[in-house]
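These are the structures in question, set out in turn.
Both complexes shown next keep chain A, but they swap its partner, so chain B is in the first and chain C is in the second.
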Partner chain A sequence: MAGISDADLKEMTQEERVKALGMTTEQLTGKSLYIEFDPDADERFTYPWAPEVDFNKRTEIDTDEMDTTEVNNQIRALMAEGYGTIVLKNPRGKHSIGVGILSKLNLIIEGSTGYFGVGLIDGPNVRITGRVGWSCAENMMSGTVIIEKNAGSTFGAALRGGDLVCRGSVGSRTGIDMKGGSIIVGGNTGSLSGFMMQRGRMVFCGDAGKDLGDSMYDGTIYVGGSIQSCGVDAIEAELTDVDKAWLTRKLTQYGLMPDKGVDHFTKIVAGKQLWNYDNLEAHEKKLIL
Partner chain B sequence: MCGIVGLIHRGKSSNIGGEMTAMLQALKHRGPDSTGYALYGEPTEGDYIMRLKVAEAEDMAKGRGIHKVIEDRIVEVETILSEHGAKIKSLDAVTEYSLRYVLTHNGDTTKMAAHIEEGEGIEILSMGSGLELIKDLGDAADVAGLYGLNNFNGTHGIGHTRMATESDVDIRSAHPYWAFPYNDVSVVHNGQITNYWLMRREMERKGHRFMSDCDSELLAVYTAHNLSNGMKLEDSLRNSIEEIDGVFTYLVATKNQLGMAKDTMAAKPLVLYESDDLIVMASEEVAIRAILPHEIDTTDPYDEEVRVWQA
Partner chain C sequence: MAGTQYRGSEITDVDQFVKDAGGLESDREKEIGQHIGYRYDVNLVPDYKRITPFLEKYMEVMGWDDLNWLEDIHMGYEEGMPAVFDRNANGWVRIPDSIALPDNQQDRDMIARELLVKFQMSDKHPLASLRKAYMKF
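Showing the complex of A and B:
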């Protein structure tokens, strides 16, 4: 970023820093397009305080006798030493493992995690070989998270960016309040998936439970199997070539491409019948959008 | 919040007391107020095991007078037992206020039990040929240590660790619940029932007794009512999703079955591990991993899901 040094950034408040990094613009274009990242801005994609890590430097942590705080502190200590690939052994369903990692990292979790696994992350590539509990990768900003087995409810809640992939089935309320990024699921999902979804894309290769996309503002849901029922103001839309191309690319990338291709997917979007923003004052409208 | 666990070994007995203690201890963070177990040992034909309490744990701090009161209550219980022709085969006073009787009885057990509970402060925790219900204040390690549950053999059981939200921290309001008139049924519940009073009054009109103001007791009374009217456990669980409002995930155990039901919102968690000879359920995976450290496949049951397993 031209003209701003790391030292300057450290002096700033959070609000000033966000502006200086070109992460916000005040302009509003259309109803739902609040631009977070200006494509023309000279962006920087790492935080000034992010540790320099080398993916070829690999280490393991046996978490069996450790509590969550110790594990998360250990990950930070190893990143500060430059380790770029960290393997966690025996997580045994611990909660909040690997949360708040804001830099690039290869994190491999060999086993299952509890609630809020790898939440609040921005950048790392995570692979979890077991099952994850509720709210995995909630509030993720960027990076990839791949889960080899099943996942619990509220998978990817309030997701902002990145790819969140589950090869098995997920619980209820998947992608609730999602604001960006992609959730890709190889199996089925439970009820109220995409509830109040605002942006981003969700793909379920299997079936979806009842009230899919209930009260969704925006965003797109693709379902390969059957849909028990759509929620309020969630409607079916035409699957375009752009959709098919995107689905093919993403599903191939993560090895989840169904044998029969992507033509059978159903596309669900917001019906926009609940959009009542025009009744609001101009400054309120801006806050919501 | 509350944590619930349930497990069933198919075709064999195991140390379910030790297993459930490990699981409940792993869920201590979901509520440390009280811990309860419903354990199903080998059924003994003709004999009843009766667990009862004659005072609350907190009563014990109320001075010396309580010891005399407890003695009197025990005499009262034993007088009623002999009046109804029940023979005491053994008596085990686990704590001063908590007793375990092994009885033989041929008459109307429900009537006898109702008679016993007429006494002030006396509550039958469980009565049946397989079920033993143990609950007390404190975490799983405390309760298991106090009641000697670390080596309890049986086929299946359910357990609960409680964060009291809608009623007091006492043994009366602790889970699991058991209810007349169907012996050997027990329930643990995580959630809140919103049509509790409506349903409770309906059950009371049908002649059922409620010992506490805890909403979870309704599920035990409801299930016992259905089963005693010849309904299958699976149908009772399925009907409950329609008839009972609120958010809930609950487990029911009978002499030879273990069942689960989840409400229409799937708002309360449950993780399920299923194999040919062992089924384990818990609010969180961390509890299952406490007894199955090797790599296993676990799933989340969906909304309105009902499952029943045979022992």
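Showing the complex of A and C:
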């Protein structure tokens, strides 16, 4: 609400802030539920609260003696000072580093990370020169993440958007519950990759383990090598010219274009036989009643 | 039951859900009274020849070589009105009447992407006030 500064809000408890901003007193009766775009909205490219950072302003953090929270707080403090390129040295497999970055940034991690690295990010470009543990870039909203070596299981779990690239191989359940974005893997992937996938695209230049795309609702999986087996409702589809053009563009962009091109890729999509909630509804009602 | 081979009906016309808000085609959809599946092709990849100057600048500012997360943004249709799903607000945001709809989905998607970025980055976005109320200082 206009007239209340951040300094004023800072002095309040959360409950007071919510009331001061009118969030619990807003008149909802008669209010339209629909929101409409403003065709005259300003041209703005970052969130209003995002720090102004410059990619050309670079710094390094030696994380050897720091814990995860200290590293993450230090990244935020440097972004507030305008640093747009931050290099993390000696990460030594720390878990959950680089999480929750919600604005543009070049983050370079020189080494390997533990589990849940660079999760919940919205915008940054990340390059990790080593390996990553479980659930790297889970819930990523936008940006790019490039891993130079191998990755653990649940790589890109619940990914919402952006490009997640692993030049090596990845573990099982890659892209589980993925809702958008692209996962690109230069090597192989383990079992149950694309489990419950809902949207987005996955590319595996190597082989895929058993039950690929199990219970997927939508989205597309491209596999360059062999597929041990497809999961429930995952079926092969025709690789179209549009698919080939997209694969060529993305794989070239990340330097993963196979020597033999993209014609050999197998395309896996949802058979859409699981779109039957309404068929089940009547039975559920009977059970409840 | 799962595995009954029901797949929803195909989208045949770019204005299908503008002309017919329900968009009920198949017998099954008519029976249950709702369209099944997305109201646009979620797997449609963007045609970069149709990109707008604003989106080009957005890519440059963010340091991306392509549209990144916006590749998954499409113009959809809510109750017969063109709209875009805003994941940050978890709801549909409608396209105003003053914006003329192009005759193809690719150009519509580019408009949708541009409007969504401007909306998400504005102070008027619901997330801006929510953040003020609930953020940690």
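Rule of thumb we're sticking to: the second predicted complex is superposed on the first by the 231 of 289 C-alpha atoms of A that agree within 3 Å, B and C clash if a C-alpha of one lies under 4 Å from a C-alpha of the other, contacts with A are read in each partner's own complex, and residues count from 1 in each chain.
The working rule: a contact is a pair of C-beta atoms (placed from the backbone, for glycine too) under 8 Å apart; a residue touches a chain by one contact, two chains touch by 3 or more.
No experiment lies behind these values; they were computed from the predicted model shown.
**Q** Examine A:Arg199 and indicate which partner it touches, taking first as chain B and second as chain C; both and neither are also allowed.
**A** second
**Q** Looking at A:Met141, would you say it contacts chain B, chain C, both, or neither? Reply first, second, both or neither.
**A** Only chain C is touched by A:Met141; chain B is not.
**Q** In the overlay, answer first, second, both or neither for which of chain B and chain C A:Gly181 touches.
**A** A:Gly181: touches chain C, not chain B.
**Q** Of the two partners chain B and chain C, indicate the one touching more residues belonging to chain A.
**A** Counted on chain A, the partner with more touching residues turns out to be C.
**Q** Would you check which partner chain A:Tyr47 touches, where first means chain B only, second means chain C only, and both and neither mean what they say?
**A** Touch status of A:Tyr47: second partner only.
**Q** Is A:Gly123 touching anything from chain B or chain C once the two structures are fitted on A? First, second, both or neither.
**A** Second partner only, chain C.
**Q** Does any part of chain A touch chain B in one structure and chain C in the other, and if so which residues?
**A** The overlap between the chain B and chain C interfaces on chain A is empty, containing no residue.
**Q** List the residues on chain A that touch chain C in their complex, please.
**A** The touching residues are 1, 6, 9-10, 14, 17-18, 21, 23, 34-39, 41-49, 55, 104, 106, 123, 125, 141-144, 160-163, 180-182, 199-201, 218-220, 233, 242, 245-246, 249-250, 253, 269, 271-276, 278-280.
**Q** List the residues on chain B that touch chain A in their complex, please.
**A** Residue positions touching the partner: 264-266, 269, 271, 284-290, 293, 295, 297-300, 302-303.
**Q** Using the touch definition from the top, list the residues of chain A that touch chain B in their complex.
**A** 90, 92-95, 111-115, 130-131, 133-134, 149-153, 169-173, 190-192, 209-210
**Q** Write out the stretch or stretches of chain C touching chain A in their complex.
**A** 1-8, 32, 34, 36-38, 42-43, 45, 54, 57-58, 61-66, 68-72, 84, 87, 89, 91-96, 98-99, 115-124, 126, 128-134, 137
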